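Which chain is which? They are A, B, C and D, in the order written, and residues in each are numbered from 1.
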Amino acid sequence: MLRCGIVGATGYTGIELIKILGRHTYAQLSALTSRQPKPFPVRQLVPEAPEDPDVVVRPFNFSEVRDAVDAVFLCLPHTEAARTAAKFYRAGKIVIDLSADFRLKSARLYEAWYGVRHAAKNILGRAVYGLPEMNREAIRSADLIANPGCYPTGAVIGLYPLLKRRLIDPDSIVIDAKSGVTGAGKRLSPHTQFCAVDENFYAYKVNRHQHMPEIEQALGKAAGRRIAVTFVPHLLPMKRGIMTALYLKVRKGAGAPQIARAFGECYGEEPFVRFRGEGQFPALADVQGTNFCDVGFSLEKRNGRLIVITAIDNLLKGASGQAVQNMNIRAGFPEHEGLKVW
Amino acid sequence: MLRCGIVGATGYTGIELIKILGRHTYAQLSALTSRQPKPFPVRQLVPEAPEDPDVVVRPFNFSEVRDAVDAVFLCLPHTEAARTAAKFYRAGKIVIDLSADFRLKSARLYEAWYGVRHAAKNILGRAVYGLPEMNREAIRSADLIANPGCYPTGAVIGLYPLLKRRLIDPDSIVIDAKSGVTGAGKRLSPHTQFCAVDENFYAYKVNRHQHMPEIEQALGKAAGRRIAVTFVPHLLPMKRGIMTALYLKVRKGAGAPQIARAFGECYGEEPFVRFRGEGQFPALADVQGTNFCDVGFSLEKRNGRLIVITAIDNLLKGASGQAVQNMNIRAGFPEHEGLKVW
Amino acid sequence: MLRCGIVGATGYTGIELIKILGRHTYAQLSALTSRQPKPFPVRQLVPEAPEDPDVVVRPFNFSEVRDAVDAVFLCLPHTEAARTAAKFYRAGKIVIDLSADFRLKSARLYEAWYGVRHAAKNILGRAVYGLPEMNREAIRSADLIANPGCYPTGAVIGLYPLLKRRLIDPDSIVIDAKSGVTGAGKRLSPHTQFCAVDENFYAYKVNRHQHMPEIEQALGKAAGRRIAVTFVPHLLPMKRGIMTALYLKVRKGAGAPQIARAFGECYGEEPFVRFRGEGQFPALADVQGTNFCDVGFSLEKRNGRLIVITAIDNLLKGASGQAVQNMNIRAGFPEHEGLKVW
Amino acid sequence: MLRCGIVGATGYTGIELIKILGRHTYAQLSALTSRQPKPFPVRQLVPEAPEDPDVVVRPFNFSEVRDAVDAVFLCLPHTEAARTAAKFYRAGKIVIDLSADFRLKSARLYEAWYGVRHAAKNILGRAVYGLPEMNREAIRSADLIANPGCYPTGAVIGLYPLLKRRLIDPDSIVIDAKSGVTGAGKRLSPHTQFCAVDENFYAYKVNRHQHMPEIEQALGKAAGRRIAVTFVPHLLPMKRGIMTALYLKVRKGAGAPQIARAFGECYGEEPFVRFRGEGQFPALADVQGTNFCDVGFSLEKRNGRLIVITAIDNLLKGASGQAVQNMNIRAGFPEHEGLKVW
């Protein structure tokens, strides 16, 4: 059994991790922490949890958690995540960080977009970007895994095969993404109040969202060159899911068969990508509650414009599900352990 | 008083017309019809309607309606709309058709996209496309007004000034639109059941939506050349509103000031377009229940990509509100009569 | 023109008041205040407001507002409302208070339920409870109007005729009420976050809601004796509306005709109560956006149990609409002025 | 392995059964049927189903299903269910019927409420009412299990201990229930369209709902006398869950400790009832996606009125979850097999 800890267990991603690890065959919840000053049973977060006196959420105490776990999931605000990760990393633990702190390779870029100094520059170079579809081999031996952002997961899975196979013009990338409200986290905000969201829809942080450099870094790696995208996120009046529409120019000679082949070859063996083929587009209902990323595309012959659409559950493939997928890869467990819904 | 009739009063657009004309100073509801075999009071459709025994919804009888009205709004399925329009047009009435039957200038194009023969080809040439922001002068004397589709209204208002001023590359146009469920009409369908829509989101009719040739026709007129767009509509889990994101390449020399000036000059006098300026994007909540189209834009310097976002209420500016705006223009009434919410 | 002020213009009830008074023929918005440190145009609250430089929301300054208004609407937290009301009342203004501060006749009861000292006991005796269906004559000359709570409005309108006519057992009253989320106000709370409300439903403050003594006071006045009700409010996953189911035992000899007659006679002339008769129950959609209270009932012969159901829009008949109705009564304007939707 | 069939696999309850049985350790999906004329893979209903060529939904053929299964779940309209049940029962199969056909012991009562003749009167006497909390022993040997209705499940679990222990006045029972939209099934109806449900709420079939005699039969059995309840169902603007508020008069001497003890003793060993104690009321979010029924209560000392509130997921404890719970009891499997979410 891999002894697992969750630091920051009360947020949306923490609760999803509790549920996944609670039914995991080879993992065991051995430390759960929160900012609450007093311990409380995990049942307050997940009513269907067993009445196990061991499963208690406690105030964070580094040495207690360190002694109790082999692997730790960090569901913390940025900078706090970096500081905490450094400690667990130095203590020899497997660290899976769900914050943004280790996603960008460049501390300078991080500081420009997040507006704060990086709190653990010295280990930034050790972090592996935890997108299994791009980085599985590196994840197998990583002790510091930077779990991808939700928007980057949806966008990069849709673009990676096309850039790798040089099927699209890397200067043409437009990303129109729509996210459910859990993406904004649990922190109180006027923007996530029911009456502000219900029956409403709007774009926000147009070309200024902090996930943009993360997307560009991943795409740049796939393309072997710098990439500047257009990125417009929107807030949907619903809880879970990210739908990403990608608008692209194909390169000369790249037709629908080439595109379908690129997706098929890259993702044919992937346990959590379902490529649906040409003209088959996913709905968010298809992926909610699962770790799948569904992908469809359409190529317009009149103007050579390619549309790729991906769908994920932002809390699973876009956060906690992918985190456990990464843990499974790192620990040598079956990749879908804890993540199968059937 | 202009005596007005609504043929097809029980659908979403019919009910909105009843509400608008009910509070209109110069219009009078003098005929309301539906497919119900028996007459029924308008209160069944609009609970706040007065207990006026004259305001009754009756089965359609052409000569009765003809004798009762000066202007008629048709809220009918296509082809049935064309046949009915032809009769009222020949009887000398002002006809405002909310169906798609008179929007496309080419009967051949209509037949290709709608899959049926056009039922009134001989008067198709008389129809004026009822988008006041493009066609106000022609509307003033039109007896057959083709009220625009909801998606075309949101897209064309965002693109018209840019194409007219030659600020964008006409081959670069991507339209990512998101509509509330009223856009699908009241006909029973598994796709509009609560449990199919709630907490769900998806693209549909990707590059195959019947509003696409209408958009291309209007844009082609503005640009003075043929235009082929990419058009992806989505269904939002909410009732009302269309948000349209437009992704465009600007032409050399077209900067933010030129773009702002184009919008400002085209729409500065428009009673129902609110141009918000650079970096100011609308939410659907801003326009619901109003006849406004709100417009914002952002120009990305890194890659010359322009984002324009428009928001309308699909049942008002996208249908019944615009229909009354057209009636007001045609009849010489103040353009905002019946449409002011303040 | 009656010069009107709104103190606390940025909450849900303040914004509704702005919209109603903005289209009122005989009222004029002459002072709007908020806690924001800087003035801002009313358009930020109500996008369809005219660009009138006079209509600005300013920080509260008593003497400025006093000089500008004839009547003032207070949309303030309790105790702050009482203190502010006292000043305007002493300055000779018509005060319409939307808080709970002047609803309970007994300062002791107020202090027991609200947990604070009453801040203006000396004028509590001057307050008139602003439920026109019970108190119209007193409202005509009132200078301090305590606008009823939303739950009490829905419950009391359904019970008043039955108690007055002695048709029901006053010890049998069960009130099962369901409210939209705007009822909770705009203050940030984990309970009104989208993800806490959407797809959820629950009872809260069971028999402990602060509107309970207000309901009992109004019913006691109608019945001429003390009344103890059962009151269970619930939160609906939607924005607006309160549905109230009343479960009652009828007295001997009270049949459906007597009940129908009681409602008909009490409310036949009421501009904002629509009695629908036996077996006809309202939906919240029927009253949203209106100042109506719809009422239906059903009498079960098997067990003499009576069910009365009422529906209101909690922000209109349950708050701001009723406040303007009270103002219209007090000022001698037509009672539906500003409140007609047709 | 118990070989299981689902007749009527495409409705909401059929799909839930597929999901539960798909993860069941001792059950195997060996026949799935629908009205579709052609076979189709189960993945069309449940995207996360494995690509197993055996798991196909086929047109119904009695002898094929009979040969393939040991137990059969019927998710059919009433009367069709009775006819089909009779065949499988005679063929010696375990029949679990999710329709209303075998719930009422009296064919006359059935015919009065459902308005059709009973299609299998001769086996009606063999049916066992499948509410484990009341009938576990009888279920262990039943070959025809009438799975309870969703409303009756929520109401009866809240009332059974109180009636059995004679703690309440059986003539005082008021049931105010609120259901999500899946309760109405998948059949197209104007009442379940998104725009009819969203932002709306209303009571329906007041004292005329067909679940009323089923509730009265179960309560009558618990009380040992005839019982006439008041029953008001409402439709919530959400997908899943039934919240039931029960308003009751307690008998002399029945205080909160007696009530808590009755619930504790009746349900202390129940795997799927969570009694939360006095003043602790459930939210629908607590039970969605689970087979639990949560129960809380409050006793008002002022007037001896008792409030009990129960919450279930209408598709699980209110339908398919309870059906599998019944199958587990009948087959001797652990009762929570397939139904554990942790």
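Descriptive notes on the structure:
To be clear about the criterion, a contact is a pair of C-beta atoms (placed from the backbone, for glycine too) under 8 Å apart; a residue touches a chain by one contact, two chains touch by 3 or more.
If you're wondering where the values come from, they're calculated on a predicted model, not measured in any experiment.
In this assembly, the chain whose C-alpha centre lies farthest from subunit C is A. Subunit A and subunit B touch with mostly matching residues; of the residue numbers seen at this interface, over half occur in both copies. Subunit D has its Cα centroid 38 Å from the Cα centroid of subunit A. Once the centre of each chain is set as its mean CA position, subunit A and subunit C turn out to be 47 Å apart. Counting partners per residue, subunit B has 198-199, 237-239 as the residues that reach two or more other chains.
By the touch rule above, subunit C contacts subunit A in their complex via residues 12, 181-182, 186, 188-190, 192-199, 237-239.
Per the touch definition, subunit A reaches subunit D in the complex via residues 19, 22-23, 46-50, 198-199, 274, 286-287, 290, 292, 294, 340-342. For subunit C in complex with subunit D, the residues that touch the partner chain are 171, 174, 176, 178, 198-204, 206-207, 228, 230, 232, 234, 236-241, 243, 245, 247, 279, 281-285, 288, 298, 300, 302-303, 305, 307, 309, 311.
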